[in-house]
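Once you scroll down, you'll see the structures, which are given as structure tokens.
Two complexes are shown next, each including chain A; its partner changes from chain B in the first to chain C in the second.
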Partner chain A sequence: MNVNICLIGKGIVGTSLIQILLKKKEFFERKFNINFVVNSIIEIDGALINSQGIDLKEVIDIKENFRRLPYWEKDAKFEDITSKLNIAICIETTPTNPKTGEPGLSHIIHALDNKIDAVSSNKGPLYLEYEKLRNLAKLNNCYLKYEATVASCVPTLGIKEALIANEIISIKAILNGTSNFILSRMTAEGINFDLALKEAQELGYAESDPTLDVEGYDAAGKLVILANELLGWSKKITDVQVEGISKVSSHTIELANSDGYVIKHLAIAENNKLIVTPRLIEKHSPLNISGNLNAMELQTNYAGPILLIGRGAGGLEAASAILNDLIYISKRRGYIT
Partner chain B sequence: MNVNICLIGKGIVGTSLIQILLKKKEFFERKFNINFVVNSIIEIDGALINSQGIDLKEVIDIKENFRRLPYWEKDAKFEDITSKLNIAICIETTPTNPKTGEPGLSHIIHALDNKIDAVSSNKGPLYLEYEKLRNLAKLNNCYLKYEATVASCVPTLGIKEALIANEIISIKAILNGTSNFILSRMTAEGINFDLALKEAQELGYAESDPTLDVEGYDAAGKLVILANELLGWSKKITDVQVEGISKVSSHTIELANSDGYVIKHLAIAENNKLIVTPRLIEKHSPLNISGNLNAMELQTNYAGPILLIGRGAGGLEAASAILNDLIYISKRRGYIT
Partner chain C sequence: MINLEVKIPDTPGSLIELIKPISNNGGNVYGILHFHDRKTNNMIPVNISFELSESIQEVSLKKIKSELKERNIQIENIAYGIEKKLITVLLTGHVFDTDVMDTIKKLASKNISVLELQAKFTELEEVSNVKLKIEFPEEMSKNELIATLREICDKKNLLLITS
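And now, the complex of A and B:
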């Protein structure tokens, strides 16, 4: 069965998704008898449009020159094309704007208003307007999925289904790979924050303005989504008490170490409170992950702590999460039989 | 909606399940509008039977004297009662017989033959006759679920659904809490195998005959189920190359330690091979879990390694996994709307 897709954003995540869709075309046909037909790829200044399906190989091969393709329509916007194209699922992959959520927020609202199921790897709209978007999806009988927004390919949201009979009581997580990398290097090498940050920037793990990562806002946004999804809360990012790691000194790390502890940048949801803050954890705790991994520990009523660990970032990793959301929707819509 | 359940086995797992069913009765009614009615509890020498539903509180309160209850029918067997009682789902919790799988194997076959969905916490039948049971379930349009058989409450099997778009390439796991506890103690305290085993026995983590755990057969059985389920293989326990941990010396652990490694009892499925053996892993690997935890690392094509960690044993933990299987079946059968 053909399922028409509109991809919004041709950055790292969008391009990785196109690559995987190309590579896995046969796998999806064989395993699920499904063919994802991308009929539009939206960028900030226009769109690639072909109602019969865009040749994804051509788009990959031409790289950044895709605006030269004959089916590039300058200034075309997502909001303009939905009435002209038959779109079953839209995939929002534009970069997160932590203050407004735009343009992702408007894209998702427009999709749902037009009964188009939506998948988002853009977390801004979710942590800013979680409840509004969930209600809008419900009102329009649409699916809205966003596994990629928290810990990327790690199924931090999807695991809910496998634990459906459990009451999840609290969450303790490491949701930002950059700050975890910095703390890991400070711990392993005894270096100070500034040096570890510089190293992270040189390796491409930290951006030139690392504020969102090291001050905890990125983790706070993800924590809001996790808590709302797994604990059934209705929180916003302004409800999170946030403290960054820039004040953590090598001396503090040394002191912790001598008593068998390490310092981790934890995101915690418990007792109706959301907190992102540096905390001591025991060296032998499975949450003591090094490098730029992400981790989530769920406390449940009968299953005790359950941990999920994996890569929290990367284009292919996010695309992998998007694909799982696509298959989830396709199963429930009956596109897969 | 009422869903009739037959519970086979009133040991630790069965009794824990009864306790949770009692405690969560309201939760299930409120959240899923479902009421699990246990109309039969089968023991080796008879059964508690009440077609209207057994009073579970009474069964818990009377403890080991349940044979004195008026609805105890001596010598009644599962195979005899299925034609008289309306049973939607049977739950097999008898102890694992590693050689024959009995009586669990016959129970599951009888259930499926009679179009009764089955949930098993007994791994023997699954690792001995995986393919036969899967085929029988398919033939009879029945659900057969067994999340509790591998790492208990940790959703090692259920996670497949959340990763449905991924190709899982290989598995590396720690599936036996007893052998992991012993190796962890040998590593932390520098003690030898015999002393660590004795300690595990005193703490109740190891049985008086620890062969199945320390020689790797228990882990091998779980590995077979994992590989068949997640990788789509059709292996039997005789396909596993097994080596135990009883020959691991304190000296070997010391040597590994001086180079930054620890020794873990790994269960590995890769390149069409199943292996349970002591292996070196890096100290900083997230698989370096201590105590009696279980862990599973999946290698996927685009999501990299994804790890799940949690308690691999315990009555409540197994019951928690069984409940998730019950809800899974109930959703797909339309008992939950």
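And now, the complex of A and C:
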């Protein structure tokens, strides 16, 4: 069965998704009898449109020159395309705008309003307008999936179904690979914050402006999504008490170490409160992970503590989570029988 | 604090067999009492006190009991002692410039005692890092203590890092 997909955003995640769709095409046809047909790829200044399906290999091969392809339409917008094309699922992968969530928020709203199922790797819309989007999806009988918004390919949201017989009581997590990398390097080498940040930037683990990461705002947004999704809370980003790691020095870490502790930038949801802050954890704690990994420890009523650890970022990683969401929707829609 | 009452054989190496499962599973042994005068059938009663971190207590205690059983060490009794409420916190910022004695006195006014203070800084004008070991009253919850600390730290623009 053909399932028509609209991809919004051809950045690292969008391109990685195209790569995986190409690579796994035969696998999906063989295993699920499904063919994901990307009939539109939307960028800020136009779109690639082909109602019969875009040649994804051509898009990959031509790389940044994709605007030269004959089916590039300058200035085409998502809102115009939905009236022209048959789209079953839209995938929103544009960068997060932490203040407004735009343009991703409008894309998702438009999709749901037009009864199109939506998958998002863009977390801004979800932590800014979680309830609005969930209610809109329900109203329009649509699926809205966003596994890639928190810890990328680690199934931090999908685990809810696996734990359906349990009550999740609290969450303690490391949700930002940049700050974890910095603290890990400071701990391992005894270097100061500035040097560790520089190293992270050179390796591509930190942005040139790392504020959102090191001051905890990125983790705060992800924590809102986790708390609302796993604990059933109704929280907004303004409910999170946020403290960054930029004041942590090599001396702070030395003092922590002398008592058998390490310092980690934790995102915590417990007792109806959300907090992102540097915390002391014991060296043997399973949350003492190094590098740019993410981790999440859930406390449940029957199963006790459950820990997930994995890569929290990366194009292919996020794309694999998006693909999981596509399969999820396809199964429930009957595209896969 | 956890107190185990066991019986071990009066033979060389028995004590090690008792201590190993405890230390292998994260236990920090505080004290051991041997009651040689109460030996019966070559078995000596021993009391061993140890601490287990709260986050691993349940799992570790299970493992300790199981490993002691494998070593044929009979557990007579387990008791959980009333612990002094202690916490380690770090303060980062101009801790001394903002009058660290005032910070300690403010805590003392709420029956919170600073037992130990350790500081690290390079230059006098730079920010300092201070580790405080704090004892707080039985009736005060950890959240209440942290709220008190946070109030003081927010006023003095100090970063508070707790466990």
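Keep in mind that, in the parts below, the second predicted complex is superposed on the first by the 337 of 337 C-alpha atoms of A that agree within 3 Å, B and C clash if a C-alpha of one lies under 4 Å from a C-alpha of the other, contacts with A are read in each partner's own complex, and residues count from 1 in each chain.
Here, a contact is a pair of C-beta atoms (placed from the backbone, for glycine too) under 8 Å apart; a residue touches a chain by one contact, two chains touch by 3 or more.
Here the structure is a predicted model, which means the values were calculated and not measured.
A.B. asks: After aligning the two structures on chain A, examine chain B and chain C and state clash or fit.
C.D. replies: clash
A.B. asks: Between chain B and chain C, whom does A:His284 touch in the aligned arrangement: first, second, both, or neither?
C.D. replies: So A:His284 meets both chain B and chain C here.
A.B. asks: Applying the touch criterion given at the start, work out whether A:Asn324 contacts chain B, chain C, both or neither, answering first, second, both or neither.
C.D. replies: So A:Asn324 only meets chain B here.
A.B. asks: In the overlay, answer first, second, both or neither for which of chain B and chain C A:Leu308 touches.
C.D. replies: After superposition on chain A, A:Leu308 lies in contact with chain B alone.
A.B. asks: Pick one for A:Leu163: touches chain B only (first), chain C only (second), both, or neither.
C.D. replies: Only chain B; A:Leu163 stays clear of chain C.
A.B. asks: Which chain A residues contact chain B in one complex and chain C in the other?
C.D. replies: 284, 304-305
A.B. asks: In the complex of these two chains, what residues of chain B are touching chain A?
C.D. replies: For chain B paired with chain A, touching residues are 20, 24, 27, 147, 152-155, 158-159, 161-167, 284, 286, 289-290, 293, 295, 300-311, 314, 316-317, 319-321, 323-324, 326-328, 331.
A.B. asks: Over in the complex, which chain A residues touch chain C? Could you list them?
C.D. replies: Within the complex, chain A touches chain C at residues 243, 247-249, 251-252, 254-256, 258-259, 261, 263, 271, 277-282, 284-285, 304-305.
A.B. asks: Using the touch rule from the top, collect the residues of chain C that touch chain A in their complex.
C.D. replies: Contact set of chain C toward chain A: 26, 53, 55-56, 58-59, 88-90, 92-93, 118, 120-122, 127-131, 143, 159, 161-163.
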